[in-house]
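What follows is chain A paired twice: with chain B in the first complex and chain C in the second.
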Partner chain A sequence: MSTASKKVTTNLSATPIEKKKRKYYLIPTYMAVVFYILFLGFPFIWMLSTSFKSPYELLQLKHSIIPDGLYWQNYTDIIEKRGLINSAKNSLVIALLTAGLTTLFTVPAAYAIARLRKIFSGIATGWILISQVFPVSLVIIPLFMAVRRLGLLDSIWGLVLVYLVASLPFSLWMLKGYVTSIPVDLEEAGAMDGASSFQILRRIVFPLLVPGIVATALFTFLNSWNEFFFALVLIQNPDNETLPLTLARFMGSEGQVLLGPLAAGAFLATIPSLVIFGVMQRKLASGLLAGAVKG
Partner chain B sequence: MKKSKLFAVVAAVAVTASLAVTIPARAAGIEMTYLTPAYLKGTVASTERIVADWNKANPNATVKIVYGDVNNMQDKLTTAFAGGVAPDIFQHEAASILTFSKQGYLADLSKEMAPLKSSIPAGLWSVGSYKNRLYGAPTMTQTYTIFANVDAFKKAGVKIPTGTNTFTWDDYRELAKKFTTGGNYGVAWGLKSPAAMTMIMGMNYNAQFFRGLTTSAGPQISVNAAELEVPTRVWDMIYTDKTIDPAALTMTGAGPVPGFLAGKYAMIFAASYVASDLDVAAKAAGFNWTALPLLKGTSNKQGANPQTLSVSAQSKYPKQAAAFIRFMLKDANLAELALGEGLIPSTTGSLKSAMATKKDSAGWTQILDDGAALTLAPFTLVPNYQKWKDTVLQPAMQQYLQGKISLAELKKREVEGYKAIR
Partner chain C sequence: MSNTAVKEVKLKKAKKSSKAKMYNRGAWMYALPAFIPLVLLSVVPLSQAVWTAFTDSVAGFNVKVSFIGFENFRRLAGDTLFWQSFRIGIIWAFSVTFLALFLGFGLALLLNQKLRFLGLMRVLSLVPWAMPPVIVAIMWNLLLRPQSGPIEGLFTFLHIPGAKTDWLGDFNTAFPTVILIGAWVGMPVITVSILAALQGIPTEMVEAAVIDGANAWQRFRYITVPAVRAITSALVALNIIWNFSSFGLVFVLTAGGPGGKTFVPALFAYNEAFKYGNFGYAASMGVVMALAIVGMLAIYLKASKREDTQR
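And then the complex of A and B:
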């Protein structure tokens, strides 16, 4: 009997008392879920509300979640006068390229490190860890010089290169864990069935690695999307600015903030990452189940 | 070939040919970069208008605006100088350009700005100078001011203090007591970052903090009664008189504005830029505000740390860049920029222009008048000042004003902290 029909039978065979009990259990569960969603979503809702408030309303002592009116000027200002769309486009291109290239380099490298003899694997992992211990302030000027020598200063490719280098160690570390969790027996079984090394990788390892790849790509994407300091130092031309740089310009000294435009910009900046996460998270979940059920 | 296609081909060839003709002419001109931390809507519009005017008048030496983040200008400039890609012209604060002047990253503007010297107060001119050479042309500056709710004063029957050099710290303390009634505090003071206020207001009591600026041994820190006077008086108002709202201790400078507009406080102590927020409230809801005369200790002097315009020594066009600075400093231009930021313009002509624009506002008139009290503060000439302020003075003052350390401990931290970073 299939799992689905078993479930249906179980539901049908439940007594009215059991059904009632189950209902009572569900109420607090749903309440907890709703509360959790509200808790997580509240800053986002507050940001949306703030983005529609006028400068005067934002100077008030008491704030309501529902704005007095829809002050669209915050949006028109950031789009027409502050170049937010161009910055968002730059950020998106940079983040997608970084995520894509990181994945491309990380998958074979992580596989190799995970399947290497223990001593080599240890050395490689140690090397990765060492590269992570240097603070950004220590490497920024040499990095700046290197990027300049490559002729990539003030360019989107320069930032992609820096983000790629910065994200590779941790991505490698992350993905290596996923590869290690795939039993070697599966690969050996494939080899016994006559599969070549490439076929083993493509047909056995890769499908099982999908959640890891998605998680790594998302992690890299979000890191590049949000990164500020490298972009601040390496980008000079306003046409090449990324979103965090544009958003930072709504903040002045001594805590002065242009709250309305900043909230509008931050709200718009959140949308692409939400959409990408929404699309990718299905892969994240589906990959987890790959190979879980024997046919 | 159809007529329309033929026309399109001819048009394309014509456009290409015309571009080929215009490109060398464009290439003959130069383009300079101008890094500015302008971010307020009005200032951004003014900057763009001024640059557009310049570009129209100087098609062979145009300027391109590069917007920077005011909170990260130092990092941006440090790396840009080190990498040899510094902007031709940039706006920064006087206390922060000293290091760049010493390192030789800035062009000497003394000769180029000489025509403007007589119109800029000597104190401001000195702040932008190093070894008698001008490296930063002072543009605009702020004072620390007490803003008052005029209607609250009228309702309480309290006369609003007026005059110059007469309103003392003791008067202020008494005034704060008068308005501290029924659970309401007389004053709110955003003291989240009290370091700059401590240094600038310290000049009220001639607090020097650093001595021996020109000796071969370099600046030595000196914290005595004068340097501790302002922190002590603020502490007394918080803990002895209980006239300053303790909730505001963790607020930014502009943080108490909403409470002020809601009538929660009769006075707030803040930097003059807050006037632009108050203008918004005055326009939207008729809020009636004014600025009180500068506080007086032994004098009403405040340390000046103006915004400055500098030319990078790496610039290939220092003369044109300096000419652009002179253009920015034209009376109407500078007045417009300064008012947009809520700051006081540096030249006498621009100050007059700003006063004419704001003649109907008593608060603004007072703020613009206060510019005369700004003086050279020794700290702007100390190379490690910025580091000491951020890593030593700021946390020490925060802890002192929050009642976590004593005055003696504050003094100890200020002195030993400076010795450690020298």
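And then the complex of A and C:
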């Protein structure tokens, strides 16, 4: 037995020939690494660099990544003159409300779906999947009519309502995965000790679910922060515009000339996403999979 | 343990589970707050959308709406512009999905190895995901500009012909360029999902294969591929659905141009509804698209099932 395992270890530690082979292998591998780093990162770096270039430098058409100097005026320009603060405020309010309400609605529902009888949770999961199949352009017409009937057209609340509905299925899906990963035994033990159904949810399930809830809420926040299409259809008044709308309008009208402020605004609009993704990179990925694999 | 003791334990267990089960009897009530809005604003609008497809509904208040049967669909069947856009949509959905799958799979394989710059790559691999579609459009616009873009600079520097190409405005390059950007956006979800599957492969399995003399290709073919098969087919199906009905990116990048080269059907339906106000006709396009997606999914699921049983 011991000799056998020894043999294995000697086999595993690569012989000089194999090591050479591995090195040889590394050249195309690192070429791929460089390709991916450039492909994924360069567009962002270029945007950041453009945001610090002065109009004069941009006109010179020299393609350097490092700007001549830090031209902060792009930032002050887009913030002060283009109403970016107001749209950022709108976006923030909408995203916070959506994330909060979605969490409030989906936590109990996800619990119910995960713990109830198979038939019920099967129907719910089926509907969640079906709702993904329908093209947004099909749903947007009746949604538009419904929001109009409620008198919420061109208002922040109408958008919150639509985002809430749009984010419910996915949020449920994600949270259900987290609930499933909590052992039922814990709840049964609670029930044995005489805890009521609500107490079990409040005292046992909820504390264990907090990381999952945070991940789901952040995900919902980001989705509404980034959303463009519903906002485009439902919002007309510039005062109620969200950040993506303002930037898109800016790109369409004057952006062709004012690349610097455009890049600056785009970079500012990405900061929340970058922060959230930076903090949560592992959590988000595992949360997405939690719904998919354990469901 | 004696027989009676076993019985006693079993009894206790049965008792416990029956009492434990009682507590989530009322659990369905928890689902209500989520399901009421979901039904009101997702089930109802969907059925309404399908109904609208059979009417002559147009934009505006207090317009009389009447049921016109299959008239919209009859008109749609003869609408060559729509079918042209439908074809573009199918090419778009499949090319973006498979290009993103190819690139994402490659990246996941790299991330699963012990390499330098791994941390940097891991963070970067999520960047496209964090970007709003509008920002993605702005970013790539800056990159691809025929006047000041760095791509032009690079092409000129390397003396590659076509440096002055207006990538998003040219008749021949617009569609492939938009597809590439679509794949860039779609990569992260694929990468992350496949990476998770790769990390689920037990190291002992790979070691055993090495000992048995399996070469890199054989290890890839008989360990890696089976491990990611399930998640890959799910990803392909989901991405085809998403891409076929998505148009946010195309809308901000090219708005369907140049010359309708990137006019995906979702954009077509959007224009019909909110530019020309033909709600009924636009809804019938949505219905046709939904049916197409269901059809594609059915074919795909059948094919992947057959592949599974053959194995």
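Methods note: the second predicted complex is superposed on the first by the 205 of 295 C-alpha atoms of A that agree within 3 Å, B and C clash if a C-alpha of one lies under 4 Å from a C-alpha of the other, contacts with A are read in each partner's own complex, and residues count from 1 in each chain.
Throughout what follows, a residue touches a chain if its C-beta (ideal position, glycine included) is under 8 Å from a C-beta of that chain, and two chains touch if they have at least 3 such contacts.
Note that the structure is predicted; figures quoted are calculated from it, not measured.
Trainee: Where does A:L152 make contact in the superposed view: on chain B (first), on chain C (second), on both, or on neither?
Mentor: In the superposed model, A:L152 contacts neither chain B nor chain C.
Trainee: With both complexes overlaid on chain A, does A:V233 touch chain B (first), chain C (second), both or neither?
Mentor: Touch status of A:V233: both partners.
Trainee: Scan A:P108 for contacts with chain B and chain C and give back first, second, both or neither.
Mentor: In the superposition, A:P108 contacts chain C only.
Trainee: Could you tell me if A:A248 is touching chain B, chain C, both of them or neither one (first, second, both, neither)?
Mentor: In the superposition, A:A248 touches chain B and chain C alike.
Trainee: Compare chain B and chain C by how many residues of chain A each one touches, and report the one with more.
Mentor: For chain A, the partner with the higher number of touched residues is C.
Trainee: Touch check for A:I141: first (chain B), second (chain C), both, or neither?
Mentor: Both partners.
Trainee: Counting contacts the way the document defines them, which residues of chain A are shared by the two interfaces, the one with chain B and the one with chain C?
Mentor: Residues common to the chain A contacts of chain C and of chain B are 61-62, 140-141, 145, 229, 233, 248, 251, 255, listed in rising order.
Trainee: Any idea which chain C residues touch chain A in the complex?
Mentor: So the residues of chain C touching chain A come out as 16-17, 19-20, 22-35, 37-38, 41-46, 48-49, 52, 103, 106-107, 110, 113, 115-117, 120-135, 137-143, 147-150, 152-154, 184, 187, 189, 192-193, 195-196, 207, 210-211, 231, 234, 238, 241-242, 244-248, 251-252, 266, 269-270, 273-274, 279, 282-283, 285-287, 289-290, 293-294, 297.
Trainee: Using the touch rule from the top, collect the residues of chain A that touch chain B in their complex.
Mentor: Spelled out, the residues of chain A in touch with chain B are 54-56, 59-62, 77, 81, 140-141, 144-145, 148, 153-154, 229, 232-233, 236-238, 245, 248-256, 258.
Trainee: Show me the residue ranges of chain B that touch chain A in the complex, using the header's touch definition.
Mentor: By the definition above, chain B touches chain A via 33, 37, 39-41, 44, 65-72, 75-76, 79-80, 82-85, 87, 190, 192-193, 196, 251-255, 257-259, 261-262, 264, 271, 273, 277, 280-281, 284-285.
Trainee: Looking at the complex, which residues from chain A come into contact with chain C?
Mentor: 8, 11-12, 29-30, 32-33, 36-37, 39-44, 46-47, 50, 58, 61-63, 65, 104-106, 108-109, 111-113, 115-116, 120, 124, 127, 131-143, 145-146, 161-162, 164-165, 168-169, 172, 187-188, 190-192, 195-197, 200-201, 222, 225-229, 233, 243-244, 247-248, 251, 255, 259, 262-263, 266, 269-270, 273-274, 276-278, 281, 284-286, 288-289, 292
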